[in-house]
Structure formats: C-alpha cells, structure tokens
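Could you have a look at this structure, given as structure tokens, before my questions?
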C-alpha cells in the first residue's frame, strides 16, 4: 500500500521481512472524515416556525377553496372563533379544572403508593417472590380496559377518574422502584454491614437514596399516564372534563369544538409535562445536592 | 535509509479547542519523526494531549496547524491510513471474535470469505484458537484485548497506534500481554506508536520514549532506549533500565501539577 | 520488627484456624477456601496474593465478620468473630462513595451508622481529610474528584471509625499506575504511623512486596496457604523503606522473581 | 428442583445438603403462599357478593367466567362470537405496532443521518409525545371510519415513543465505537449498517415491549368508542347493560392475549440476546 501510494520506496526492509504472514495487496482509497454541517440556530427556529405557519395557512386556504371538506376537517379561522366562545361563554374552566384535578390526584396517589410498594420488596426475597407474579399480571393487563368497570364501581364523578389514573400509574411506579432495588450493588450493602449497620439503616441511608433516581425518572411517564386515565374515564361516562367535551363535540359533528378541546387538552398536557420535568430536575439537584 | 523519509512524520502539529471559557491549548507545536519498524512510546500525565495526537494522526481530528506525513506524503485529515486501537477494546458484542477481527477489512471492502480466511490463521497463531466463534462477552479482559489488537493488525496498515491497550488489565495479565505484544511486533515489523501511563512498560517495550508535559501538551524530552533486544523480564533490573526509569519519573513529577487536583 | 511466626507468645491480632468456606448455589457448591490457617501479629502489615478467584476477597469478608466460615474459626484478639465489629475497617476495591453525600458526609458514614457523637466524628473526619490533602474538597461531591482522591476519601471513611485492623481489598486496582504508586506510598505511611494492623489483598506482586512485611501466597481455587514470605530490606536506619524506594531496593527483584514463580503464571488460553 | 445432579449431590457436604433443603423449603413456601393468595382472592370474590356484603351487580362471580365464555362462543345475529372479537383486537394491535416499528425506525434513522432535521423537528416530536393520543379517538372515528380509525389509533399511540426511544438508542452508542469504524475509513452508511443499527437491537426490543402494550391500549380504547367488534367493545357494551359477567370474561381474555404477546416478545429477546 505504502509503495503504491507514494513515489518513495520507503520500506524495502519491511516488505522483505520473512515472518510477515499477510502481504499488502489492496490499495486503500483515501477517505476523509465526513463533515456534518449544522444549521445555525436561526435557520432551525425559522424552519420550525415556518412549518407551523405553512400548515395553518395551507389548511385555511384548502378549506376556503373547498379542496378539503370543511365539515370534516374544520378550518383554523372557525377553530379560533370557537375557542373564543369556549372560553367566554362555554365551560372551558370547569372542564380544565375537572381534568386537571383527576390527573393530579391520580398521579400523586399512584406514584407514592407504587414507589413504597416497590421499595418494600427490598426487605424480603420471599415476600417479593410471592407478590411479583401478581404485579406482573397487573402489568400485562391493559389497565384502561378496566376503566368501564372502575367507572361502574366508583360512579361517574371525580372519584372514578382518579381511580383510573391511579390504576395506570401505580404499577409502573412499583416496577420501576423495584428495578432500582434490584440494581443495588451488593458491595454497597457489604460496606454498610462491615460498618455494623442495621437493616433499617441500610434501607434509609442506602436503599432509599439509591432508588430515588429511579423513582424520579418515572414521574414524567406517570403524568402522561394519569392524564390518559382521566381522559378515558371521561370518555366512558362523565359530566365534566375535556375528554367529555371532545367526545360530545365528536358525536354532534362539531369538529371545530373537537379541535378546540384537543388543543386545550394538549396545552394542559404540555404544561403539566413541563412542570413535572422541572420538578424532576429540581429533585435531581436536591437528591445529589 | 537516510534518503528515504520517515514512516511517520508529525510536523509541528498544534491543536487549540474553543471552549465556553475561551481557547484551550491542547498541543503546542509537536514534532515526531518515526522511522519504519520502530516501537515508540508516549508517556505523560493525564490531559497532556496524547489522545489528541493519536486522533490527529488517525485523521479523526484536523490539527489547527501542522501536518501529518506518512512516507513523506501529506496525510493530514485522511482516515483509514493507520490502525488505531482505542483505550477500551470496543469489541462489538453482536459479532463473534472472528467477525470482530475482520471489521476493518470488511469496511475496506475485502470480500468476507477472504477476510475470514486471513483472520483465522492469525487467530490460531496468536493464542485465540478455540475462541473464533465465541462472543466477546464470554472472554476475559486479556483475551478481549488480544482480539482488539489483532483487529488493528489485520487492518493491514504499516503504522499502528495503541492507546493504553493494557491500562484496564490486572497486573499479571498485563505482563503476559506485554510479552505477547513483543512477539507480534517482531513477527510483523509494524511501526508502533504506544501510549501508556506506566513508565516501566514504556521503557521495557520501546526503542524510543517521548515524555510529554501538560498544559499545554508538549514533548519534554525524547529518550532513546538502547537496551538490547530481545528483552527479558530481568532487563528491568539492569542499572541502565533503572537509570532511565528514574529519569522519566523525575521528568513526570517535575511537570505534573501539584496533587490533589479536582477532576 | 514483629514476630511473624504463629507460635509467638502474644495473642495474635487476627487468627484463622482451619477455615473452610463453600459457596452454595442451585448449580452446586463451590469451595472457595480449604483448610486455611494463619495468624497476624498486632501492627503487622501482611499482603495476600493469588490468582483471580482464589478466595482472597473471601478471606477479608470472613475477617470482617460479613461471612461466616463453613468450618473452622476466625479469631480477632483471641475472640471468635461473629458479626461485623468496630475493630475492623474494610476498604473495598471500588471506593464506593455515595453520590448523594458530600465528601465529608461520606467520610463520617461509619460513625453515623455506629451512632457515635457526630460533632467529634465530623471534626475527626475533617482532620483526616485535611491530612490527606482534601481539606478544600470537604463539601464537594464524589464525582468532582479524581480516582486517587476518591480512594483517599474511602481511606478516611475507613479510618474515621478508628479500627485497629484495616482490610484492603485491591484498593488501587482501578487507578492508573502513577497514581497507584503514589497512593500506595501514602497509605502505607499512614497505616504504619497509626500502628494499624493491615491486611492487603492484591494481584500485583510489586505492590505486595513494596507495601507489606509478609506476603502470604494462596493457591488456585480452592484457596489454601501455599507459602509465606517475610519481606525484609536492609536499610541504613533499620526502618522499613517506603514502598517507592522499596521498589528500587536490591532485594526487591529477588522477592519478585520468587513470587512470580510461586504464582504459576501461565499464558491464558 | 435443583440443577445439581445426583452425582454432585452424593459428594455434597452436609452443609450444602442443609442449604439445598432450606432453599427448597423456601421455594415451596413461596409457591404455596402464591396459590393461597390467589385462592383466597377468588373465594372472597365468589362469597362476598353472594352474601350481599358487596354488590354482585358490580363484580359478578368467578364461577360465571367459564359459562359466560361458552355462551359468548356462539355468534348471534346481534353479537359476533367472542373469538371474532378477540381476533379483531389482535389483528388491529399487530398491524398498529408493526407499522409503528417500521415507520419509527426509518424516521429515527433519517433523523440520525441528518442532525439538522432532528433539531427542527425536536419540539414537534416532544409535543406529540406528551399529548394524550387517546383524546384523538373521536376525531379519528370521524376521519377514518370504524375500522381504519382503530388501526390509526394503534399506530398513533406508539409511533412517537418509537421514534424518540430508537433515536436516543442511536445516540447512546459508544462514540468510541463509531470512532473505531471511522479510523478504518468507514462511510456514514457503513457506520449505520455495521455499528449503529446492530448496536441498537436491545433498544429495538425494549421499544417493541413498550409498543405491544401501548398499541393494545390504543385498540381497546378505540373499540370503546366506535366498533361493534373487538374486546374493548365487549367490555363497554357489557358495562352499559350491567352484565358484569361479560365484562369480566372479556377482561380475562384480554389479559391472556396481552400476556401471550409479552411472552412472545420476551422469547424473541432471549433468542436475540443469546448471541451477546
């Protein structure tokens, strides 16, 4: 290779080396490292905004010129109009508050109970072995399928929505906290015991702080699940809530209202998601000082 | 030999990185001239830019100034010219040892059959027979390093760069691997550039040791090791060896920043 | 300096009498140690070397009281060991500093667990950390420190509970060789000065020779004592040289070669 | 019980025999307790409603499951057989998650290839991922009709998770492995084919596990609203006419279906991971 690439005969001695088992036959083409050109931030932001504006503009134009059926798809101007009505004379705040409360209660209840349950598996291998198949069974059932049943038992009020949201978040938290317990390095426990620690001390000073990152990591997933639980609960039977608004508008073919309710719901979802992400980063800082 | 250019010539290479806090000088002009078939070591404290030099020679990093010449031809910024073994073995867990070893040839477009044939005979000769079809996860640290080294050798370049290949091994395995490497080097006659933390290892293996300093990275001194070859373990007991070792350690301690130091 | 023979008149600090240890699993039983006996005098520094998996670390777990022998007896100060004791400090291979605690909080962990007076413990830990050159890092987090510094914190944590016996399980294995030599020097010096009895388990023959007064070689699994070697260096002041100078002492190579042969090192494969 | 064969047992030390015995006792204890818990739950479920301590209207009885299942097996003019319901749910789930895997991986690879595109789409992906997809069930029904809307929901619910998970899997490949391939002169396509894709197989399988569950949820929720076919429909229908035995039977079958899917993926995982 060297010989072919360069006019200098650089290395006669090497090529004649008798012990060399592999001889160079292929000439290697010269490659350079592929260079990636990153767009500047302004170009990225402009494109991002452009996509949004483009979609809205096209949609409006297509609906006005009857390229798409405005009855089925509605159009941005009609949605804007409905949005104003929804907030001024409609039930916007009642619905938002209902959905928000179901979600938060379910989230808190499910996460707290689930994490404690998961951590408790550290205490006894037998106890964990006994309870585990039930937890896995609960994991494998799509909990949302139980929603009609839960609504039946808990009634059509706030309680049933909280129950659905709790059912969804509880199992995830349990399994995640248990995963943390299983990831404990036995040497860490060894160190504690070599210092003469009791089981309770190991739990408090090692197991809980060690598993906290796991418990925290599941918060963002859980807020989404709790919201889904609340919405599906409202689909099945409810008098309030954004989920009910979407369902009701769909059934009456008020597509603009469906869009409005979906939009408001998505905004709520993103705000809650962002809040939990912020909480998460705060907790992460807190637990590691 | 005098008229021919060195196998590898690192010509006044500088490297500065832009960071949030300003400009960081990783390397001030570094020049290395390495004749064909030499075994050359770089030693120095962490952060002295050893890995930066390697990345530049391998073409993975463009130097701020200076050139890399291979056989007298400008090879700055071209990849696939030298065999580069990184610090970790980086064996791909989804490939058998054999298929890991031929990765370089495969990327260069050598037909699989031919590549496997070439690799098989080498694996058998250099202590990996019986391991060809196993997956890396079943191998010990020493075996993994052997596979990684053979992968580098089979890439079939005249120059190979070894970045602390034995750093993660336990003391005994490390000694065995050094013997094994010496064997390979004398069989293949490659030009080797070797980075290590271990002064004794550097002297024991090399024809020439470059001691590096830090902040910014530079070469403090180049020391020719005139000890006779083949070397044996007892070479390290000779007064010459000890003298060189002490000299190196003195250079390193003089240049090292006062401990302790936050990472 | 100390009587290294087992028939000494004084009670040995640590004694193992015909210790057997088997690990049980569903796949079968593994014999880690067979009929192992030795004793260690107060203030002695002993190294234990052997191939990987020969039961070196198991020995330390036995002495610390975390494991119980299947047969035989482990004694500290002539008394049977039956559980972790405050007399024994254990330094593991990994530094095992907890990320959610500051350096100082990590160092006082032992005192905290043992319910000692925290104000004094904190003072003591501060003194130790300052002595080891970590005075300005008391409130840093472990991940802000380099490997060598982390090991020094682990040492401070071990010594903070004032153990009489210090067990070192390959404490430098994860460090690069320059840091390793420097830290070995420091640790040996500290342990000697404070008159601790120390047991070092290591892979590294050089480390064993340069740090200890006696080297015990374990055979392959099941581990048993294969041989013992007293390490002595002739020095002008009659004191032991520090590990760094021990490495270049004329006796070093003789010991090295003898132990190298003992370990029956073969090329793997 | 144990894998220790008789030959090793014969030579086993008394302590080991003791240990094995204790271990065996523990295992038996665990199994017995598990069964006992199950039995107690079933008995409570059977007895409490019968004794009118809890309202049987809400709970049905475990003894009703099997008769109800047999009853539902035969199709009537108003009601399809329970087998058709099950099949419909399974087909929609598989279509949805298979489509999500293929589409998601392709999109993730494109984003890996073209980093600026990723930066542009990143906020949209995050928003789409945070949105409760189930809220779209009514609109999907209007746009896509009864059957397609269920497939659509099944795809929509798992697509964005797939893209984000696989993309972050691509990102988490050890950069040194990429560097290694580059030092051999590899092109971007070679890096994708030889390092990034095979290295992401564990991520792909993890995604598959998440998706199977998600798609099933999407299908069931879709069926609540729209279909006259599917297990979700059966659950909703049963609860509306207060026939709890239908609901319980359908939920049980759903649990079996989802366990089978989970086991199938775990088996696939074991097969793939055996080579690592």
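Order of writing sets the chain letters: A, B, C and D. Residues in each chain are counted from 1.
To be clear about the criterion, a residue touches a chain if its C-beta (ideal position, glycine included) is under 8 Å from a C-beta of that chain, and two chains touch if they have at least 3 such contacts.
This is a predicted model, so every value here is computed, not measured.
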{"item": "Partner chains shared by subunit A and subunit B (touch criterion as defined above)", "value": "C, D"}
{"item": "Any chain in contact with subunit B as well as subunit C", "value": "A, D"}
{"item": "Centroid-based (C-alpha) most distant chain relative to subunit C", "value": "D"}
{"item": "Innermost chain, where centres are averages of C-alpha coordinates", "value": "A"}
{"item": "Separation of subunit C from subunit D, taking each centre as the mean of its C-alpha atoms, in whole Å", "value": "50"}
{"item": "Distance between the centres, which are taken as Cα means, of subunit D and subunit A, whole angstrom", "value": "16"}
{"item": "For subunit D, residues that touch 2 or more chains besides their own", "value": "182, 185"}
{"item": "Subunit C, residues touching no fewer than two other chains", "value": "none"}
{"item": "Residues of subunit A whose C-beta touches two or more other chains", "value": "28-29, 31, 33"}
{"item": "Chain contact topology (line, ring, star, complete or other)", "value": "complete"}
{"item": "Contacting residues of subunit D [partner subunit A, same complex]", "value": "26, 29-30, 33-34, 37, 58, 115-116, 119-120, 123-124, 127, 130-139, 141-143, 182, 185, 187-188, 213, 216-217, 220-221, 224-225, 231-232, 235-236, 238-240, 242, 244, 247, 250-251, 254-255, 258-259, 262"}
{"item": "Touching residues (chain side subunit C, partner subunit D) in the complex", "value": "22, 24, 26-29, 70"}
{"item": "Residues of subunit D defined as touching subunit B within the complex", "value": "174, 176-177, 179-186, 190, 194-195, 198-199, 201, 275-276"}
{"item": "Partner subunit D, residues of subunit B touching it in the complex", "value": "58-60, 79-84, 86-88, 90, 92-95, 103-104, 106-108, 135, 137, 155"}
{"item": "Touching residues (chain side subunit D, partner subunit C) in the complex", "value": "2-4, 8, 12-13, 15-16, 19-20, 23"}
